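Per-chain numbering from 1; labels A, B, C, D, E and F assigned in written order.
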Amino acid sequence: MNEIAEYIIAALLLVGGFFTLVGAIGLARLPDFFTRLHGPTKATTVGVGAIMLASVLYFSVSHDGIGISEILITVFLFMTAPVSANILAKAAMHIGVKSMDDTRGKPWEQ
Amino acid sequence: MLDRLNFPQPWLSLLLFAIWQFLSDGISGASVVLGLFLAWLIPQITQGFWPERPGFIHPWRMPVYLARVLMDIIVASVSVARLILSPRAPSPMFVCYPLELEHPLAISILASTISLTPGTVSADVSDDNKTLLIHALDAQSEQEVIDAIKTRYEKPLLEMFK
Amino acid sequence: MSLPLVVLLPFLGALAAPLFAQGGRTAIAIAASVPALIALAALYPHWQTLADGGVVLHSYPWLPQLGLSFSFRLDGLSLLFALLILLIGLLIILYARYYLKPQENVGKFYALLLCFKGSMLGIVLSSNLLLMMIFWELTSLTSFLLISFWTHKQDARRGARMALAVTGGGGLALLAGILIIGNIVGSFELDAVLAAGDQIKAHSLYPVALTLVLLGAFTKSAQFPFHFWLPHAMQAPTPVSAYLHSATMVKAGIFLMARLYPALAGTEQWFYMVSFTGMATLLIGAYVAMFKHDLKGLLAHSTVSHLGLITLLFGMGTQLAAVAAVFHVINHAIFKASLFMAAGIIDHETGTRDMRRINGLWRYMPHTATLAMVAASSMAGVPLLNGFLSKEMFFAESLQLNLPGIWAWLPPLVATLAGIFAVAYSARFIHDVFFNGKPVDLPIYPPHEPPRYMKIPVEILVFACIMVGVFPALSVGPLLYAAASATLGGEVPEYHLAILHGFNLPLFMSFAAFFGGLLMYSQRQRFFDFHARFREIDEKAVFEATVSRIASLATRFTGHIENGSLQRYAGLLVISVLAVAIAPLMNLGVFVGESGLSPVDWPTLIGIGILILCALATAALHRERFYALVLLSVVGLMVALGFARFSAPDLAMTQLSVEVVTIVLLMLALFYMPSWTPIESSTTRRLRDIAIALAAGAGMTVVTLAMLTQPFASISEFFLANSKPGGGGTNVVNVILVDFRGFDTLGEITVLAIAALGIYAMLKETALTPPPGDGLGHRWTRDAYPLMLRQIARPMLPLALMVSAYIFLRGHNLPGGGFIAGLITAVALILQYIASGMIWTQDRVPFRYHNMVGLGLLFATIAGVGSYAFGYPFLTSTFDYISWPIVGKFEVASALVFDLGVYLTVIGATLLALVSIGRLSPHSAIKSKKEGA
Amino acid sequence: MITIALYITLAMVMIAALLNVYRLIRGPDSPDRVLALDTLYINAIALIILLGITLGTRLYLESALLIAVMGFVGTVAMAKYLKRGSVIE
Amino acid sequence: MELAFALAIGALTASGVYLLLRARTFPVVVGLTLLSYGVNLFLFSSGRLVSGGQPIIGSTAAYSDPLPQALVLTAIVIGFAMTAFVVVLALRNLADNDDDHVDGRQSGTDSKLDSAEEVTGK
Amino acid sequence: MNHWLTAPILIPLFGGMLQVFMGYAPISLRRTLALTTTVLLLAASIVLLVMADDGSYRAYAFGNWQPPFGIVLVLDRLAALMLVMTSVLALFCHLYSIGGADEGNRQFHALFLFQLLGLNIAFLTGDLFNLFVAFEVLLIASYGLLMHGGGTTRTVPGLHYVVLNLIGSAIFLISVGMIYSVTGTLNMADLADKMADVSDENIHIVKAGGMMLLVVFGLKAAILPLCFWLPRAYAKATAPVAALFAVMTKVGIYAILRVYSLVFGDQAGELSGLGMDWLFPLALITLAMGVIGALGSESLKTLVAWQVIISVGTLLAAMSLGSVEGTSAALFYLLNTTWVVGGLFLVADLISRQRGTAADKIVTAPRMRNRTFLSVLFLIGAVAAAGLPPLSGFFAKLLILQSVTPGPQMAWLWSVILIGGFFSLIAYSRAGSIVFWRNVEGHIEDPGKLSGTVSVAAGALVALSIVIVALAGPISRYTDATAAQLHDSNAYIGILQTPMVGEDE
């Protein structure tokens, strides 16, 4: 296998793993629901995207031709993550989940 | 019967055809025939579900917009990562964003973009589709957030959708 | 042929009788007489054979496996009984013609009477013990229906049920006894059994068999302590009492003892059981008869007593005693039937049977009175009447019993005492009814003589009493001889039938009884006073109370065990599994088998850890239901990952899709349910459940571990080898599903289809009130269909269809297939419902889910049936590689049609189910749209 | 090279999964749990991809696609349940 | 690995059984689902645990046993149908009896001991 | 290849599918087609019975795959007997249902036919996992049928029935997994063949699996302590459904008979006769429990439902003797009890329709209409069920009593059966005399008229007890031959050698 490709794949994997972890840390660590919403929506999505890219590259380089399914998955994730976030936020506002004390502005009544 | 042999949503059909070629591991006679068939059949079944055509006027601007968003996503991720890993507590804020876009699809795209880009998540769209509620993770002021979104995303979208 | 005819004719008559009911009582009575007349004619030709000591046998095979044959036997004994049954039966038919009222259901009465007669004839004529058993139980059944003929009378119903319980129950014992005898002898044919007497008596099971047979005989013949049913059976119409409860059915037990006499009698056990039972019955019946104010009650207890007398005679075990017993059977039948008929006439004409009210009837019905007095005298044992003769023989035999020491006095003493009582109650019957002053408010006053023809049967019987009494040898001599000979198995002792045998001890006993009885009757008030000190037991009430008590105990017991608690039933099920599995698992010995453990990899371990944690958390935190669902989702996800991790991509995909649909389903349901499960079980209970659960979990762990670490070979080598060449696909799992084991899959989609139909049907008329808000006090939002969701959901559908097509088509060769494709399509459609609502989506779905389900099944089945055309079995798949211009080379497999069926069924069924639930929601006011119309 | 990267990535993703489970169990509110579940689903996609790379096979990619689809629908359904009660109406 | 796997099946079974023994329909349904997860994993593993041996001809050197996989697939689908039915039946029960008990008692007639302990939500 | 073997599967399958499509067709058309299907099924079953009576095994390999690899149907005398028994019962139940009980649910006939589909698969299949699938088909259809007819009373018993059977299904799968994990096969003949070779380490797994399977079958058969779901469920079901359910417990019995005479048959070495020593005492206790339940019943349908449990106990007791005679007697009894109990459910329903609000409760009520006719039907049914002469129940019991050889087993069996019979007699006479004879003043408001079809259906089913007596000779010859065939497991194993289409024969 192409050595450069190997480096790129390894890097992508590590980046992906990093962002995935960061998203999870954010989910675990941030103080209220709305702040926690940010981590997974962005970081995790990007992380998985990177891992996906690594996979595309890996299989293109190694043997199997171009992997389009991964792209499809990534696109799908990017399309749906905001919707999930949106509807979860709506649910949280409906339930009246507490936002952290120094949050400016107010969630809407649902 | 013959009058059903049309493509009610040509763009969709084209998209489906393209996806099929990707899915079937390379273009071949069989994949083209099957792809054509599916590109015809599926819109026939689903056309009822998607009656309003998106009001695209400048669809070619889409790739540019998407590229920008992609870049922003990466930037956003890094900034969120930094915030998450730093010991400093974030200073979040709810922002009410006045929408200029009217088409629901356009609003959705904007809201999605906002969610994927730095520091913001769209939490809700008002019932009258005039206002967007945004949760900003770490923002200085409401206006700053509104301005950034307005110039960076809503403008291009306004140009694309009318 | 004539013997089976004799038995079967009455049954045919019973079927025909109701047809004659239209013609009135006379017509039906005549019709009902026909079988008996034919039977008598049919029996007549055999008389000579019997007189010569021969036996007539008619035998036809029926069920050789059982040892049951359709065989009949006519000998002296059966002839005697058959004649009693037929002749008295004829008289009863005539009598009943006048006894029954026109508005009564005479058709039913005669039909039942004929059935009874047939059964009775069956008992006495059967040459096969099992066949006899059938008729035996039939007499119990028909007598049950006859006793309860007046179903509106509570006493009749109760009396009937008591009779059925006692005689039917005894019948079961008899059955057991007969089966044992048959087992010992190796045949149920009477000839064989009678010839095997010594063998039977020597067998270790003889005591059991004898006891069981005697139980049958004693219950039927109302022997102490089973005698109580008989007096209560007197609630029957009088013809029934006269026929069943004096002349015939109660004699069936006696008949049985006579019939099996050569096979069973002659042992000590026989002697003690039979004679002491007889003695007790004799005495008790006679004693109680004295105190009955009810005319029929008196007669019933007298019958009990006489049956005891006959039993005692059989029990004595001497040949002469047996002759006397047979003789008394005849005599008792004659005088008791006439007495019952007389009692019936009195009842009929006065409207009551209470002797305290019936007095001085001599003035109103001298004719009837004369007849009754003669018959009663016979019952008392007055010389020149038939009763006297057999009683004399009885007294004589009682003196012959060689009991040790002082006990030798017992039989003659009991006999005399019973004689005294018999004279006393006979005197009462005569004096208290026909004399003793004037009647006391009779319901029918003044009484008259009954219709002429109603008296004829009585006259005939009374005439017989006198004839036998005066000319015994002439009148019954040959018949008695034949019967006695048949009973004793050929050897008949010397005996003389004469009016008097000279002045001997038996005659003295008769005199003692006669005068003692008269004395007793004259002092009756003292005895009545004495008797009144004892509380009278109403056996019927006791029986009724016992049955009710048993029933309510049973209800309570059942209710206690079958308490309607699923928890208990489920617990029992789990415990049963643990109980049966624990022993083999204990024997496993080593937990880890030969192949040992494979190395650990940490990510998998973490995954399994998450799985275990969330599974346990689901159980521990289940009370917050939504939370439990979230945890359950994690478990489902982890299971799917596990499938992927251990080389099952198809399973992973199926699991994932099914899990999401299941969760959606559960949420649909949860909407209407409480959000919280309250704690309702006690701590002990929960601890117990935890123990059961842990035991089950531990068991599964042990089994899994043992299983996973054993080396293994399976038939799957064949699948791997033949998947491509034989099934045309490289995805072996899919080829198994659509080809090797396609029939399973057909069954499975059928299940899916049926479930959906069932759900649809079940919810059609269900109405649920949705809660106004969640359990935490929030009202539901107004925004049902959020904008972003709607916008994203719509393009998702064509994309999902595309992916479905992809997954479907590649399924034969790569992970995928009809199921998974179907579930993807289904989930995409579900997303439309979630995002845009029922009405919106339903309007746009271009097909009905019902039809889709049907169509899917149809495709799959047709794909299977298609192979018939080529001479191959159902579901034989075929595939070929075809080359077309432009398209190029591609594979066509018939299994794809099958898989298409699967695909369609999965979509149709899933959505039919979910939409049916969704339709419950108040917003979906489209009940009549598409699905409902 | 790739193998090491794979292991490290796998470790990070597994830790992420554990953190998600922590949030899921910790709550405190239902939306937190659903969010954690959603994230767990996305982690699972990563895991499947990594598994595919490890085994050198693309046969598991469709499973990943399915997780993406099912995770989304599941999250949407749960969120809708939380705010609206009836998921399909 | 086998031990962990076996423990997972044990945990699923135990949790499932415990929930099956609860008095309301909902936990019972959840318990059934958990139990069926455990059972499916068990049936699956009756072909033993193999890594990277997906039974796709040509994809690997050593295949895992495909038959249990096919059986489990069937079992999953059947289990889904059954779960759907029982969920609906639970709804029907709720509609008919205003109550989601499974132990045959009517709401409001709970025994004293039990109602004393009853806790109603938050 | 003899396609007749698929007839009992394809006929109800196509019939059922047709019903699915025709949900909105006029009810008369749906009824006609449904009944035609059932009649065809009966005809096909009779053909199979005639075929099976030559004593050979016929195997039908789905997909033309050689057993043990593909799924096979196996026709032998037992299977044919079960098929005929079921289709006869089904025909009359179906006839009864078109008297009006099928209204209110457009899918009734589909469910009914699918139920038959599942039953027939169960009787014919030669594959353990396919047996599971067959169970699921018949169960899911039975769930639907159980809930048929509206009203609220059947929901809770229905729920219990469903949940318990779902647990049962789980246990079934675990057992299959355990047995497969050792033997690596699912075909019953192949399993039977491999039983003797199970290694010592593995034998305990097979034992545990086999015993758990017995629990599953015991649950279907409603053996104590797994029978408590039954009375309420059956008593609450719509009459033709309850009557059809008379055969449901028999599927469990059939499965026990099939699996334990074949897989754990004489050839199975240490595993032969697995679990049979548990079965005998349990069967007797079940019988006793059934009798107690019958005695304590407060409605006719409950009484009949407990009769189902009595039957199960009796059947299993005879079967667990392990002798050819015992099995034959059990089969004879099976035929009798299935039809009679089915008929009694229908009769109880007819009675209940004539008694207004008293329905089938064993209480006094105003005099019902058509009392004579109904009481005769009840009498016939009760006599046959309680095992009194001259109807079939007596002969069946006699066969069972005779099938046991002297010893403690005989003492137990006889005592329980005879004493049980005595108390059944009391239960039936009590119920009958209260329901038919104990009337109070007043009249029942507008009792439904007895229509011809329902009367014929109910009457015919109980009257079969007379037919059985008339044909007792041939029937018991057949059951003897069936039992003998069943006890020769090696002959069954021979189906593994069935040539496939295209192979040289």
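Just so it is clear, a contact is a pair of C-beta atoms (placed from the backbone, for glycine too) under 8 Å apart; a residue touches a chain by one contact, two chains touch by 3 or more.
As the structure is a computational prediction, the values presented were derived from the model and not from experiment.
Undergrad: With a step meaning a move to a chain it touches, how many steps does the shortest path from chain A to chain F take?
TA: Minimum step count, chain A to chain F: 2.
Undergrad: So which has more C-beta pairs touching, D-E or A-B?
TA: A-B
Undergrad: Can you name the chain whose C-alpha mean lies closest to the mean of all the C-alpha atoms?
TA: So the chain sitting closest to the middle is F.
Undergrad: Looking at CA centres, what chain is most distant from chain B?
TA: Farthest from chain B by mean C-alpha position: C.
Undergrad: Using mean CA coordinates as chain centres, what's the gap between chain B and chain E in Å?
TA: 39
Undergrad: From the C-alpha centre of chain A to that of chain D, how far is it in Å?
TA: 10
Undergrad: How many Å are there between the centre of chain E and the centre of chain F, using C-alpha atoms for each centre?
TA: Spacing between the chain centres: roughly 28 Å.
Undergrad: Using Cα averages as centroids, what's the distance between chain B and chain C in whole Å?
TA: Each chain's C-alpha centroid was found; their separation is 74 Å.
Undergrad: Send over the residues of chain A in touch with two or more other chains.
TA: 18, 25, 37, 39, 45, 47, 69, 72, 79-80, 82-83, 86-87, 89-90, 94-95, 110
Undergrad: Return the residues of chain B touching two or more other chains; collapse runs of consecutive numbers into ranges.
TA: 19, 23, 111-112, 122
Undergrad: In chain D, which residues are in touch with two or more of the other chains?
TA: 10-11, 13, 17, 30, 34, 59, 62, 65, 69, 76, 80, 82-83
Undergrad: Strictly by the criterion at the top, what is the full list of touching chain pairs?
TA: A-B, A-C, A-D, B-C, C-D, C-E, C-F, D-E, E-F
Undergrad: Taking the touch rule as given, give the residues of chain A at its contact with chain D in the complex, in rising order.
TA: Listed in rising order, the residues are 6-7, 9-11, 13-14, 16-18, 20-21, 23-25, 27-28, 33, 36-37, 39-40, 44-45, 47-48, 51-52, 54-55, 58-59, 62, 64, 67, 69-70, 72-73, 76-77, 80, 83-84, 87-92, 94-95, 97, 110.
Undergrad: Report the residues of chain B in contact with chain C in the complex, numbered from low to high.
TA: Interface residues on chain B, with respect to chain C: 12, 16, 19-20, 23-24, 28-30, 32-34, 38, 42-43, 45-46, 48-50, 104-105, 107-108, 111-112, 122, 125, 127, 129.
Undergrad: So in the complex, which bits of chain A are touching chain C?
TA: The contact residues of chain A facing chain C are 72, 79-80, 82-83, 86-87, 90, 94-96, 110.
Undergrad: In the complex of these two chains, what residues of chain D are touching chain A?
TA: 1-2, 4-6, 8-13, 15-17, 19-20, 22-23, 29-32, 34-36, 38-39, 42-43, 45-46, 49-50, 52-53, 56, 58, 61-62, 64-65, 68-69, 72, 75-76, 79-80, 82-83
Undergrad: Which residues of chain A touch chain B once you look at their complex with the stated criterion?
TA: Residues in contact with chain B: 18-19, 22, 25-26, 29-32, 34-35, 37-39, 41-43, 45-47, 65-66, 68-69, 71-72, 78-79, 81-83, 85-86, 89-90, 93, 99-100, 102-108, 110.
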